[in-house]
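Both complexes shown next keep subunit A, but they swap its partner, so subunit B is in the first and subunit C is in the second.
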Partner chain A sequence: MLTEVKNQIRVMALSTKYSLMREMLNKVTFISNVFFMILNNASFIIQWLILFSLKEDLGGFTLKEVILLWGVAASTFGISRFFFSSAFKLSDTITNGKLDAFLVLPKDVLLSVITTDVSVSALGDMIYGYIMLIVYGITVENFITFTILTICGGLIVVSISVIFSSLSFYIVKADLVSDTANSLMTNFATYPDTIFKGITKMILYTIVPVGISVYLPVRTIIKFNVYNFFIIVVLCIVLMTIAYMVFNRGLKKYSSSNLMISRV
Partner chain B sequence: MPIIEVKKLSKTFKVKIKEKGIKGSIKSIFKPKYKTIKAVKGISFEVEKGEMIAFIGPNGAGKSTTIKMMTGILYPDAGSIKVIDYNPVKQRKQLAYNIGTVFGQKEQLWTHLTPYDNFKFFGAIYDIPNSRVEKKIEELKELFELGEFINTPVRNLSLGQRIRCEIVASLIHEPKVLFLDEPTIGLDPVVKENIRSLIKRMNKEYKTTIFLTSHDVGDIEKLCKRVIIINNGTIVLDDTMENLKYHYLNKKIVDAKMREKVNLEDEEGITILKDKGYNLKIEVDTRKRSVADAIKLLNPDNIVDINISNIPLEDIISNIYKKEDKK
Partner chain C sequence: MRKYLFIFKSEVMSNLQYITNISISFIGIFLMLYIFLNLWKFIYSDPNELINGYSYNQMIWYVIFTEVIWSVVGGRKMCAKISEDVKAGNIAYNINKPYSYIGYCLSTNLGLCAVRAMLYIVLGLLIGLLFLHSFPSISILEAIAVFISFVFAIVISILMLTSIGLLSFFIEDSGPLYWMYSKFILVLGTIFPIEFFPMWARGILKYSPLNAVNYGPATLYVNFSWNSFILVIISQIVYLFIIYMICKLIYMKGVKRLNVNGG
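After this line comes the complex of A and B, so read on.
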């Protein structure tokens, strides 16, 4: 069992390494992708600077907290999209019968599929997250908490994408549902949760759990709380398990296709 | 003991049907209609260890669906499959360690990597220690003559070289059964011949059981001793290549160049395929008339040149397909 897990991780790491090597073939494109993503994220902070020049705080968040929020959000999404980029194309992979190549290999299908590609711009997101942490005020403690919680957040984002994408095993055009879920996870992540109330807030802690992937980690980094930390880790494991089970259940309904496909 | 056992295997697909136009699209949202397509209808067969078997049929016959069920890609609706003592439905991973697959239309290699790096990657997938992978790569490099391009990125290789690498990648873990789905598709005749001889050599050296599907009669004729023909989801023929030719080759083609014109129009057992004055091409049904008899009708003194041949295997196979379609 342990050897099996070790071998699976080895293959996933190799897959990520080879994908990164492919992206690095063109040095200029690679560097500019990373750089422009950092620049793109930075441009949003300007909007907040303007906003905070007019108002001192927003739902209890000052500019300092918003900077941390952006750092956590960027790093969380960076981790999910850099290491598990294919999880966000999973719906298309299922619908177009592209799972065949993974099903004939002696490795876990889901883990192999989602680690088959990397997104270079997401590397910019990850770096930007740490830049924001430095601006916020980095310490050894918050660096460790930030790293662990953004990894958990990233895995939660991936799990949500896998759960919604697995609908493609049952219905056609489920990509619309998974794309919407993924967009919601991104769009809500960069606002203080204190501005959301009632049903919206409930949704953000259940169906689209930005609350667990971003809001709660931000609060835990600002003021460390073992209980919150524990909740995030446990919910991350629970969501990963659900995603794994939902995908594998759907796999039994997989119907393949005869499209001409190449791995590029 | 057979290495592959398939019993009463069935698979159906549910397909949404839609009336034409935008009206049909709107209607299908509120009142969707489905039809069930029976892709495979209770087929059974066995394959012995070391056999090279051709599994053929026209497009949509159920070939790919059957192979996909045998390799664990699709779940069957009914029936049972056993490949090397494994049930693909329940033991997909264990089975994958023991089988190899090459889908001519689907690439499994990373195109930006060299074949060597790709083989190493596949070695990791099959949990083979590095030293053993390197030894195996060296061995297969010799057998498949990859020496010249093993360190060239796959995207810069010709199609023939790529297919050779795809086959090698599927052999890294020494599979007991190799599924080849149209391995020579899109290749020129010289490369096709080369791939065929390599497959033959591999079967001889490693005793690998080969399960081949192809639309290329050359692949089937030159590689396989047994053929299974599937059409409309059922097996319509499961026989040796020899028997197939023997039973279906009851017609001969006589192509003759004549000194004088001959009229054979109403002769029993003779069908005129081409009559261009002095050049005559006829088909002789040997159950009704012997070839010698047909030549006598032509008058041997009248013949300048003659060529007697069998009906091409391609025609035999397409006749079987057509016959089944008419049923």
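After this line comes the complex of A and C, so read on.
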């Protein structure tokens, strides 16, 4: 069992490594993708400078906390998109019968599918996250907390995408549901949760758990709380397990007409 | 001109077949508008308060209008398509046809934008009505003037995106340039009007393309005056000319570098 897990992790690492090497063939494009993504994220500072010139405090969030929020959101997004980029195309993979190529592999289908590609620009997001942590005020403690919690956040984002994309095993237009869920996870992550109230806030901590992947980690980094830390880690494991089970249950329903594709 | 009109009509007919998909893509716009509604509600402690000359209702209508322009153009896919045409060599199939490639891009994309505009304007107005329970006070003649400015904004945006896409002749991937362009438009013109920026920046921004592609038409909608209309239209005509010339220059220089193997 342990050897199997080790092998699977090794295959995932190799898949990521070779995808990255492929992307690095054109060095100028690779560097410009990473650099411009950092610049792209940084442009939002202007938006927040303007907003904080109108109101100094957004429900307990000042510019300093928003910088950390952006750091956590960018890093979470970066980890999910860099290592598991294909999880966000899973709906299309299922609907168009592209799973066939993975079914014949002697490794876990879900893990093989979602680690088949990397998004270079997401590397820029990950770097930007740490730049924001430095701007916020980096310490050894918050660096470790930031790293662990953004990895958990990234895995939560991937799990949510897998869960909603797995609906494609049952319904045709499930890509609309998964795309909407992914948009919600991304768009809401960069705004403080204090501006949302009532049912919106409830949704953000349940169906679309941006609260668990971004808001709670931000609070935990600002003021470390073992209880919050534990909740995030446990919920991450729970969501990953649910995603794995939902996908594999759906996989039993999968059928295709033997699509011929080449994976280069 | 007739051939471009024909391409435009064909594109409208083709996109009308996917009207459900286009309508559903409005969910993303709705989500963004919902976030901004909450954000501005938090900032405006009193709905009658004026911040930099804008009331809460004007602010929300401004954001709805600029978001609708942004979504009607849908720049990311448009830019990626042109960039891919250049990179993959598909552009070779277009350049030997009896039309200008820029004219072709403009008419095809205008066809898609026309269908999106029909839907998104109606949905945008409905969302505004749902959130604010009122429309900005504007006469029919003024609404027509705003619509003219809206059309100009769409045409200029398409030409700008075509220019960025065509830069793939020189750099392999124009995607990062598109990100910068999109942030320039979103951060400096979509989320709030130019009046929210420091005084020194306002002058620069007022003469930037923002006035032509979103700020100008949106301020006309929330606070119409014929004087502003004339100024916005003049700036749009000037920018239309400048961007078209830039686009043509990039194409003429770039197409000489084109090297397509086989096909």
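Note that the second predicted complex is superposed on the first by the 260 of 264 C-alpha atoms of A that agree within 3 Å, B and C clash if a C-alpha of one lies under 4 Å from a C-alpha of the other, contacts with A are read in each partner's own complex, and residues count from 1 in each chain.
FYI, contacts are C-beta pairs under 8 Å (C-beta built on N, C-alpha and C of every residue); 3 or more make two chains touch, one makes a residue touch a chain.
Remember, predicted model here, so these are calculated numbers, not experimental data.
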First (subunit B), second (subunit C), both or neither touched by A:M21: first
Touching partner for A:S43 - first (subunit B), second (subunit C), both, neither: second
Subunit B versus subunit C as contact partner of A:P106, first or second or both or neither: first
First, second, both or neither for A:V5, with subunit B first and subunit C second: neither
Contacts of A:I171 with subunit B and subunit C, given as first, second, both or neither: neither
Touched partner set for A:K252, first subunit B, second subunit C, both or neither: first
Complex contacts: residues of subunit A adjacent to subunit B: 3, 7, 10-11, 14-15, 18, 21-22, 25, 99-101, 103-107, 172, 252, 254-256, 258, 260-264
Of subunit B, residues touching subunit A in the complex: 13, 16, 64, 68, 71-75, 92-94, 96-97, 99, 101, 103, 105-113, 117, 121, 124-127
Sites on subunit A touched by subunit C in the complex: 26, 28-29, 32-33, 35-37, 39-40, 43-44, 46-47, 50-51, 54-55, 58-59, 121, 176, 179-180, 183-184, 187-188, 191, 194-197, 200
Complex contacts: residues of subunit C adjacent to subunit A: 24, 27-28, 31-32, 34-35, 38-39, 41-43, 51, 171-173, 175-177, 179-180, 183-184, 187-188, 191-192, 196-197
